[in-house]
Amino acid sequence: MGTWLDETLTWGNALIFFLWGVILLAIVLGFVTYAIYFERKVIGWMQLRIGPNRVGPLGLLQTVADILKLLIKEDTIPRKADRMLFILAPALAYVPAFAVLAVIPYTQDLYFADINVGLLYYVALSGISTIAIVIGGWSSNNKYALLGGMRSAAQMISYEVPLVISVVGVVMMTGSLNLRIIGEQQGNWFWEWNFLPQIIGFVVFIIAAVSELNRTPFDLPEAESELVAGYHVEYSGFRFAFFMLTEYVYVYAIAALTTVLFLGGWHAPAPFLDFVPGIIWFLLKFSCIVFFLFWLRATMPRIRVDQLMGFGWKVLLPLAILNVFITALYLELFIKG
Amino acid sequence: MKGLLKGLGVTFKSMTAKKVTTSYPDVPFVMPDRFRGIQHFEPDKCIVCNQCARVCPTECITLTGKANPDPEKKGKVIDTYDINFEICILCDLCTEVCPTEAIVMTNNFELASYSRDELFKDREWLDNNNRNVRQDNNNIGAPAAAKGGAK
Amino acid sequence: MIRTEELLLNVGPQHPSTHGVFRIIVKLDGEVITEAIPVMGYLHRGTEKLAEDLNFTQIIPYTDRMDYVSAMTNNYVLCHAVETMMGLEIPERAEFMRLIVMELQRVASHLVWWGTYLLDIGAMSPFLYAFRDREMIIDFFNELCGARLTYNYMRVGGVKWDAPEGWLDKVRDFVPYMEKKLDEYNNLVSGNEIFLARIKGIGQYDAQTAIDYGLSGANLRCTGVDWDLRRAEPYSLYNRFEFDVPLGKTGDCYDRYLIRLEETRQSLRILKQALEQIPSSGEVMGKVPRVIRPPAGEVYVRIESPRGEIGCHIISKGKAEPYRLKFRRPSFVNLQILPKLLVGETMTNLITILGGIDIVVGEVDA
Amino acid sequence: MSEERDKTAGMPSSGDTVGTAGEAPKETAGTVEGKEQSGQEQASANAEPAAPAAPSSAEASAAPVVDPEREAKLKAAAEAREARAAAKAKAESEAVPEEPKAPSPKQPILDAAVGLIRTEVAEDAVEEAYINELNGHMPVIVVKGDRWSEVAALMKNHAALGCNYLRNVTGVDCETHMEAVYHLVSLESKQDYAIKIKTDREAPSVASATPIWATANWNEREIYDLLGINFPGHPDMRRIMMPDDWVGHPLRKDYEPLDPEV
C-alpha cells in the first residue's frame, strides 16, 4: 500500500485506492455482521442458552437476516421530528466511525494511511459521533430520546479526556503519533509491549474505551430498562441499522487501536513464534479484546449517571495524569539521563 | 474489584456449562401426566347432568341434551357440547365435578389459531382430541354416589 | 436568566421495568424527579365483584391470577379464611403438602424478583440463571397439580392432589442443589461493586415511616421491625419448624435485597424440616359438605406471602357465595411509599426503588 | 318431589338422574341462557335469547307458554327449600341457648378498649361492641360516624391500645347502609381490633383516617372509587382503579354493569 501512496496521483492510483476502500468496507461490514452474531452466541452461552441457531446453518445467517429485515422495514420519521437533523444524524454518526479506520496499521506493510498524526486523527474524528448522537436524540422529538442524547453527550465528553491522556504515555515512549511507528517500536517479547510499562495507561484506556463505545457497564444512553432505548428509540429501518453499524465499527476501531497501542500490534509474543505471520497475531489479540467486551456485557450491571461522571473525572483523569508523570520521570531518569 | 472478577468468573464458567434450553418447536414438549391441557369429551359417557356447565367459573361450556332415541332406555343423550376456548382458563373444575368422567383433560396445549372462530371447539373436535389423554383424573368434586360408576 | 421547564414524563404503562401494566407520571427537572404520581387500574379485573356470584371453589382459580408470581399463597389465604369460618379440620398430610408448596412458591417468587431486579439494574445474565432454577420448581408444580403458573391446587378443606410417587424425593434433592445455587448467585452479583454502588443507600426510610405506611414483608423488615406473620401470628404448621426472620438495619434497597435472598435460604431450611416430618400417608382432603356454605359472619385472615401480608376479608350471609370478599394485597399497600421515596431521586433510581419494593401489578390492581 | 314434576303438562317426563335435579336452582337456566348469547354462531343464529330452556329439558326452543308454569314450579320448589332451611335454623337455635356461651378470652380486652373510648372520647361514641368468635375472638367495635377521627387518634396514640399498624380497610355495601371496616393491630402486643363505621347509602361519608395512618390513603381511595363512600379530610380524593370519567361505583349491589354481556 505504501508504494502507491508515494507515487503521483494518477487515475489508476485513485481507482486502486477506491478499490482498497471498498475492500475495507466489505471487511468491516463482514466483521460487524459476524461480531453481532458472535456476541449473541457468546452471551447466549454465558446465560446457559444456545444463542441464534435457526437462520442458516448454526444460525450463521442470523445477522444477515436482521440487516435484511432492517432494510425492508418501513423507515418511519415522526411527524413532529426535525426532519433534516433526523435524517442527518445516522450518517453523521457512521462517517467518522468508518473514516477512523484509515489510520490503523495491520502489519508492517499492510496499512491504509501512514499519517504522522495518526492517533490525533483518530481521537479527533471519534468526537464527531457524539454530536451525531445528541442530534439524533434531540431531533426525534421524544422525551426518552432527549434524555438518552443528553446522557450520552455528557458521558462521551467526560470519557474522551482520560482516553486521550492515557495514550499520551505511549506516545511519549515511542516519540511519535504515527500508529505504524508505535506498532513497530514494540519489541518481540511480550514484556516489551507497551501494556506492561504503561499498565496504568492500559487500564484507564480500556475503561474509557468501554465507556466511549456506550457499552455495559457504561451503556447509559441506551439503557434499556430505564430509557427504553435511549437516543435511537424513534429510529427504525435502515437508519436504526446505521446506529448499530456505528456502534460495532467503533468496537472494531477501539479493539484494533488497543492492539496496536498496547499489545504490540503484529508482534509475536516471543521471537521463536515469528514464523506465524503478523496478521494472525493481530487478529488473535483483536478478537481477545472483542471477547472481553462481550464478556463484560454479559456480567456487569449498569452504572448510574452521577457515579459515571464522578468516576470519570475524579478517578480516571487523575490516574491518567499520574501515568504521564511517571512515564516522564521514567524517561528522564533512565532513557535520556 | 474482587466482586467484579468473581462475577466474571461465574459467567465464564457457565459458558462451558450444559445448556438448559429446549428446542421446543422441533422437539415436542412432553408434559407430565397431570398436565391440564385442552379437554377431551366422550359423548357416550355424558349423562347431561349439567354439572360442568354450572361449576365453570367463566361459564364457557354450553351444552344441550336430547331425549334418548331408543325408547326403553331412560336418561338423556348429549346433543351439542361446545367449549369456548377464548374464555376457558383450563382450571380443571369441569373434569373434577363430572360424575362419569365424560370430560377429561389431555396433555396437549397448542391452542394458537389465526381466527377466533377456531377457538369454539365443538363436540366432534373435542371427541377426536384423544391423544395423550390424562389418566389420573381425581374428580373429587363429583357426587360420591356416581364417582365409582363409569370409571 | 435561562428559562427551564419541567419535563413531564410518562413512565409506563407499557415500560420494560414497571413489572406489569403500571404507570408513573413523573415531573423531571433535568434528571431529578420533582414529583411522581402513580396511575393504576390498567389490570383491574374486578375480582371482588366477580366473586360475589361465584361459589368458593370457583373463586380459587381467580385468586391464582391476582399475584400470578406466587399463586399458591393466594389460594391458601382464601381456603384458610373459609376453613376458619367453618371451623373445618384439615388432615395432617394436606396441611404439610400446603406448607411445602407455599415455601417452594416463596423460593420461586424470590427468584423471579431477583432475576428481574438485576435486569432492571442492567445485568442481563442473572435473569437467566434465576429462571433456570425457577423452572425446576415450576416443573414440580406441573407434576403435582397440572399447571405451571395458575395452579388451582388447594380446595376448601385440603388439597386436590396428593404428591405423585417420587415427587417428594425430587424436592428433597432440589433443596441442597438450590442452596449451592444461592451461593453461586452471591458470587455472581452480591459482591459486584457497581451493583452495590447502585443499590446502597437508595430508597431509604425508617421504621416509623414503614409502619405508618403499613408496609409488610421485606419492605417492613428491612427497617428492623420484627414482623413476619409466620412467626408473629403463626398459621398452618409454621410453629413446628424453626427458621429465623432476617432483619435489616438501614431500610434501603440493599437491605431489602439481602433480606429476600436470606428469606429464600430460610424457606429452603423450612422445606428440609417439612420434608422430614411429613406423614408418609393420609387423606389429603378433609370431610367437606358438597356445597360449601360458611356460616353467616365475617372473618379477616392474613398470611405471609413473598411480598408481604396478604389478607382475605370474607363477609358471608350463610349462602354458598361470599356476600363481600376483600383481599388485602401487599403490593397495593407497599406501593404507597413510592411517591414519597421518589422525590429528589434520579430516573435511574426510580427503577431501582420500584424493583426493590417488588410489586406484581396483577396484585396491585386485583 | 317426583310426582310434582309429572304434573307439569307439555314436558316429557324427563326422569332426570337422581340427586342433581332437585337442586336445579334458577340460575342454571340463567347461565345456560347467558352462555348461548356469548357463543358466536348461536348468537348469529337466534338474535334474541332463546326461551329459558329448562336445564334438563330436551327441545331447545320450548314454547313460551311453558314459562309461567315453570316459574310457578320453581317458586314452589324455592319456598319448600326456604321452609326446610328455616326449620333447620329454628332447631339449631333452640339447641344453642341451652349451654350459656362461654365468655370469650378476649372479652376483658374488648371491655377495656370500649371503656377507654367511652371515657377519653365520648359516652355515645361506641354504638356496639362484640367479639367475633369466627375470627379467633377478634374484638369488634362499632363506632359512631362523627366520633371516628377522635377514636382513631386514641387507638393509635394511647399507650394501652397502641394500634400503630392499620392492616386493612374494607368497604361493604349492606344494601340498607354502607360500612367501612378498619382492621388495626398493635405490633408490640400483637392484639388486633376491628372498627366498623356505618353510614347511610345516599351520601355515604366516613371521616378519613389518612392523617393518622398514611396507609389508609390508597385504601380509602379504592373504596371511594368502587363503593362511593366519601372520605372527608382525605388529602387527594380521586378514583384509583377506574378511569377518572367513569360513572357509578361498580362494587355496589345495585350497580348494573356497563354492558349486560358480562
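Chains: A, B, C and D, in written order; residue numbering restarts at 1 for each.
One rule holds for everything that comes next: contacts are C-beta pairs under 8 Å (C-beta built on N, C-alpha and C of every residue); 3 or more make two chains touch, one makes a residue touch a chain.
Since this is a predicted model, take the numbers as computed values, not measurements.
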Moving only to chains each one touches, count the minimum steps from chain B until you reach chain C.
-> 1
Taking each chain's centre as the mean of its CA atoms, which one is farthest from the centre of chain C?
-> A
Could you name the chain whose CA centroid falls nearest to the centroid of all protein CA atoms?
-> C
What whole-Å value do you get for the distance between chain A and chain C if each is reduced to the mean of its CA atoms?
-> 45
Between chain A and chain D, what's the gap in Å when you average each chain's C-alpha atoms?
-> 67
Report, in whole Å, the distance between the mean C-alpha point of chain A and the mean C-alpha point of chain B.
-> 55
Quick one: chain C and chain D, Cα centre-to-centre, how many Å?
-> 27
List, in ascending order, every residue of chain C touching at least 2 other chains.
-> 125, 129, 132, 188-189, 192, 194-195
At least two other chains touched by the same residue of chain A: list those residues.
-> 46-49, 298-300
In their shared complex, at which residues does chain C touch chain A?
-> 7, 9, 15-17, 31, 118-125, 127-129, 132, 188-189, 192, 194-195, 197-198, 346-351
The answer for chain A against chain B in the complex is residues 42, 45-50, 295-296, 298-300
In the complex of these two chains, what residues of chain C are touching chain B?
-> 54, 57-62, 125, 129, 132, 135, 139, 142-147, 150, 152, 155, 160-161, 164, 184, 187-196, 285, 290
Please give the residue numbers of chain B that touch chain A in the complex, ascending.
-> 4, 7-8, 10-12, 14-21
Can you list the residues on chain D that touch chain C in the complex?
-> 132, 134-136, 138, 164-168, 170-173, 181, 183, 187, 190, 194, 213-215, 217-219, 222, 226, 239-243, 250-251
